[in-house]
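In what follows, subunit A forms one complex with subunit B and a second complex with subunit C.
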Partner chain A sequence: MSDEGKPAVEMVDVQIDGEWHSFPKGTRMIEACRIAGKEVPHYCYHPKLSSPGNCRMCLVEMGMPPRTAPGQDPPEKDESGHLPISWMPRPVIACANTVAPNMGIRTESDLTHACRQGVMELLLINHPLDCPICDQAGECRLQEFSVEHGNGDSRFRDNKVKKPKNVDVGPRVRLDDERCIMCSRCIRFTDEIADDPVLGFTERGSYTTLTVHPGQQLANNYSLNTVDICPVGALTSNDFRFQMRVWFLKETNTIDTNCATGANITVYSRQNEIYRITPRQNNEVNSDWMPDSHRLNFHWINSEARLTAPLVRENGSFKEVSWPDAISTTAERLRAYDGGDVAVIVSARMTNEELLMAKRLIALLGTDQVAAVPRAGEADGYLVSADRNPNMNGVKLVLGMDDPAAKLDAIKSGLSGGSVKALIVLQENLIDDAGFTAEELGKADFVLSTYPMANPTADASDVALPGACWAEKSGTMINVTGRLQRLNRAVDGPGLTLEPWEIVRDLIQALGGGNGIYSADDLFKQLVAEYPEFEGFTLSKVGELGVPLIETGETIPLIEREKERIAKGIVVG
Partner chain B sequence: MDVPAELEKEIDERITHYPVSKRSAVLPVLHALQHHFGYISEEAVEWTAAKLELQPIKVLEVVTFYPGFRQTAPGKYHIRVCRTLSCAMAGSAELMETLCEKAKIDRSGVTHHHPIAVSEDGQFSIEFAECLASCGFGPVCMVNDDFFEKVEDADALLDKYRD
Partner chain C sequence: MAIVVKRPKLKWWEQLYLPGILKGLGITLRHFFATLRGKTKVTMQYPEEKWNDHLPEHYRGAPALVTDEQDRERCVACQLCEFICPPRAITIKPEEIPSEDKWAKVEKRPREFDIDMIRCIYCGLCEEVCPEQAIFLRKDYSITGTSRAEMVHHKKKLYEIGGQRVGLVNKWNELK
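Presenting the complex of A and B:
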């Protein structure tokens, strides 16, 4: 990226806890402290939302050079070239104030400690202290700051204010008003990001109550983000509440595969079971948010409907067999056909690595009857892409197809007409998702399908193999904007499930095309060697946040709006 | 809720006093509605929100913040008894008790969230108010817009309004 033509950003020197640092003009004091490695505790401040400065937790001591009277000599600069600082007697909030030249900030002084202690005492006065039954425990800012900055016990001896509890504010979100510390993050999120301002504070004063307007609901597809940004246990997720203590959960950073946006997420699992998914910050993809529809679409992964072993049809019914038997049976059957008799359906839910393996198989079989199943939906103008496949760009790039769906109809009619004798369906459900019928599949001599779940396509197959779903495999995908992102394995697939690239590799080997690939990382290296777009990349360079790989000309609406808000200085970003 | 054309005209005129942001007109609009209807109903909140192009919750926030806005219907005559220090010392609690007794008002259901109690016949309603600015002449109270100082005879006061 070129910085030419941009005005040079003015830098200002700021002293933080005795050390001088330099920040761009306009930097919030709280961000300056963060960059300088000094944590300023806060509740209401969120870099993606406006800063009302209402929690007062981020109070710090601030000072400026003394103002000189007319005619008075300016104070002398010290050896580092800075003016002396005269400290203000009162603290200031670090979240809504910006740095100024020669400003001093003290995050670790007696005054700031006393402020934090005082704010914590007030916040806890009416708090129910029900941590043992609260879902937020373990990731609660109130708990954490109470330990760090609070008091051992409360001096408050009167009755606590009673407020509404267990309130259904929406279909997916539940509210406990007694736990609420009135930071207003959720109100600002629904107002500024989700454009659905149904939340507000009523009865302001001792009884301040967070509420939805009577008759309205917090029902928009981004409602669960309010649960993420709630610093306490006031807003909890109906889906996750009481399911698992957060400290037992293993976190895996990966990406969402419900649409082409590829929202960055963290998968929380324990003992091979996924309990929840939360968005992970990526300012080029999903900011700090993700849609509820995508977040909650994981329960099927633990379901009974999963395929758990390779199935081979014998005399009309399926029999569970070992992987070597399933692969050799398949290879034997496939050898009987010429390349022109075989069609291959790949999935845009496959990773680039899997698609590369599929490409090898397609080349080995010698067929050009290849297609991918499109998944068109409606874009929501926020984060949900109209393309509900996570990696259609990968299909286009790796398989070199401009229109991956083009041959779908030809394959369909080839099945009916008998020209397609063998069909390989990788990670797709042709009958439910591509309009194929069981009769059409039945006309093929041999059908191989891989998929995580039992489904009508598997039912119509001769060999049905359990291929891992998105949470059970690693690899890379290319999102709607052309960004290369990593998918990381969070849990193991049930039973004998294998990652799809392993299945295809084994099949290629059985068909006589040995290739010595032992890991998905090897495949990435092959992508780098074979595709100029991948040149110079390594998995560690792709990293947790991905890298721009190709130009698609597509943008993500929510991200574009956020960039405008950052440029206007409304949010930090 | 039926807002008469004349009232709406008056409200529209009040909104013109706030050319920068219609939102600022929320208080005058609510005052006009309460003056006409006696209280701010849910419908009135929604009507105001639509009028000022706000979300209803933003109006509800204002209504619930000011004790001066009533969310339930008062009686024909609404009594406000001052309970701030001077009046409290001059006997406003006793005055409240006597007024309730004489006007047959049951205040047992009164809470912070429901401050108003109404008599059985709907003639009188009553609530405590904060300082009415006549501290030297307590206890003081207001009946609708009429102001009374050194109120000693509750019956005589009520008689002025009894039909």
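Presenting the complex of A and C:
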């Protein structure tokens, strides 16, 4: 983003571990250290939340230029133009203090190390040693800093304080109070981001206990984000609890496809099975958060209801066939129809690359009866968009349609009226999601459908093909704000599942419209060559965080609120 | 850094090798007569006779799970053995201990615990890494089966081999 037109930010010089750096005025000391490449360990500080400074882990040694007594000569500047630093005898917390001109910070001094060691010893006094059963093990800040700054032994000989364990704080979150280190991140998240302040501390001192307010539950649609930001294993997800140790999981950076926001996510999988999904930071799309409803909507990917082989209807019942057989049967059937007899339903859950292949197929068939199924929901004012399709903007752009749903009714009546004789349904379930009936589909001579799951539309088809779901394919999508983002393949589809663009490619080839596309990268290059909007982009330029592609005039409410809070200086962002 | 090994300088009669050969023949001859007189016995009648009594204390045989004095299964399914296992012989599926169980406070246990004995190399790293003293290498060395599936030791079989083990560190005591 360009800084033109903004007032120039005053820069201040700060010495960090002996080296001088320059930061904008107002930068938190902890962020300054991070930018300078010096990690300051912390628990309670989170850049998206206010800083209460209660964990004391980020204590650092700080110094300022000496203040001169009246009449005394001011101290002399050294050759680099900086004043000498007189170090304060006591440390300060780096998370809640901002940098000042000529300030000095020591993150590696004896005092700083002694502070960290002391804080770690106090935190571990009552912390249970149940790392073997704790889900956080492997990604636990307490575990990590205990290795770096801990004593390796406890001087505490008394019994540890007993607190409630295995507390149901909400339908999706479980709380273990003994593991809690009172960082209050979850309390601040529910209060500041989710606007559902149901968590709080009771009791005092060693007995401080995190709890839900009486009669309330941590039940809002963003509750699982508290599990992500919990630095220890106090808050755990009911869904992921005891499923798999995190060090076994392969991380794939991709995007969420449950709504048009396209939240950036990391998919954790092992041996081709997805175990959990967590949000990935993207300050232009989803900040650090994602809704629970989207996060937990993945169990069907491993389910028994998946289509695993191409199915062709013979004498009324389905028969499993090989891909070449399925494609040649389909092509043979399709050749019998004129362009005007065929209708194509594309899905706004398809990637731009798949839509480009669909466009090629539509051109080859010579039909103009094309529609996409809309999915309208209610926006929640945070991250969930009213458009529950991940790539409706892509359909509009790639297929050049202003209203992709416009011809849906015409196709429906065309089926009943007999003007649509063949129907190609790509990655959609028309009967459940678009109000079509099995009778209507039955009136068509030939129905081809691709979908990841067995479904009523596949039941009513003549050829049903297993098309990969979002986690099993790569490509790009355009979100509600017009941002181009990459979808990455996390797992392989079951059985003979193919990515939808491969299915369409094979079909085009069988119909005589040969092409030499063998990878999703080639498809992206064709998008770049054909659409001015894509000009100059490569997949690596789109990167992990995406790039703004088109103007839609839409915004994401949570991101707008966060920008306001950053502008007010409440959070770092 | 290279280490220079000092070679012994051989005397002239040592370089002939004849004294060495004669010495070896002598030993063979001694054993020959000792066997004739029934003084030494060199053949073990395996499998009628087993190695069991002759195995050293540190012998590493089949890995097995153990229960403790209170009949609690000690494994908490932390999956560290699965992680450390060099040939990836171990597969664990954890589960939560239901709240009505006597040991519900332990929270976690293995639902499935499989060791593929075709893969196992008896290295003992699983025993070494276990934070709960739940897996031990026993002296069972003759693991046979007629199929690959039979060679996978499931949880039940592992507890059968392991049995009960007393005198271990008990961190899930009453105070916990």
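To be clear about the criterion, the second predicted complex is superposed on the first by the 570 of 573 C-alpha atoms of A that agree within 3 Å, B and C clash if a C-alpha of one lies under 4 Å from a C-alpha of the other, contacts with A are read in each partner's own complex, and residues count from 1 in each chain.
Everything that follows uses one rule, which is that a contact is a pair of C-beta atoms (placed from the backbone, for glycine too) under 8 Å apart; a residue touches a chain by one contact, two chains touch by 3 or more.
Here the structure is a predicted model, which is why all the values come from computation and not from measurement.
Q: Give one word, clash or fit, describing how subunit B and subunit C relate on subunit A after superposing.
A: fit
Q: Counting only touches as set out at the top, which of subunit B and subunit C does A:Lys25 meet: first, second, both, neither?
A: In the superposition, A:Lys25 touches no partner, neither subunit B nor subunit C.
Q: Please indicate which partner A:Leu199 is in contact with in the superposed arrangement: first for subunit B, second for subunit C, both, or neither.
A: Only subunit B is touched by A:Leu199; subunit C is not.
Q: Figure out whether A:Lys77 sits in contact with subunit B (first) or subunit C (second), or with both, or with neither.
A: neither
Q: Classify the contacts of A:Pro132 with the two partner chains as first (subunit B alone), second (subunit C alone), both, or neither.
A: In the superposition, A:Pro132 touches subunit C alone.
Q: So, A:Arg245: does it touch subunit B (first), subunit C (second), both, or neither?
A: Touch status of A:Arg245: second partner only.
Q: Once both structures are overlaid on their shared chain, how near does any Cα of subunit B get to a Cα of subunit C? Whole angstrom is fine.
A: Superposition on chain A places subunit B and subunit C at a least C-alpha distance of 17 Å.
Q: Flag every residue of subunit A that touches subunit C in the complex, lowest number first.
A: 129-133, 137, 159, 165-166, 241-245, 247-248
Q: Of all residues in subunit C, which touch subunit A in the complex?
A: 76-80, 82-83, 94-96, 99, 105-108, 131-132, 171, 175
Q: Can you list the subunit B residues touching subunit A in their complex?
A: 42, 55-58, 60-61, 64-65, 112-113
Q: Within the complex, which stretch of subunit A touches subunit B?
A: Those in contact with subunit B are residues 197-205, 207, 211-216.
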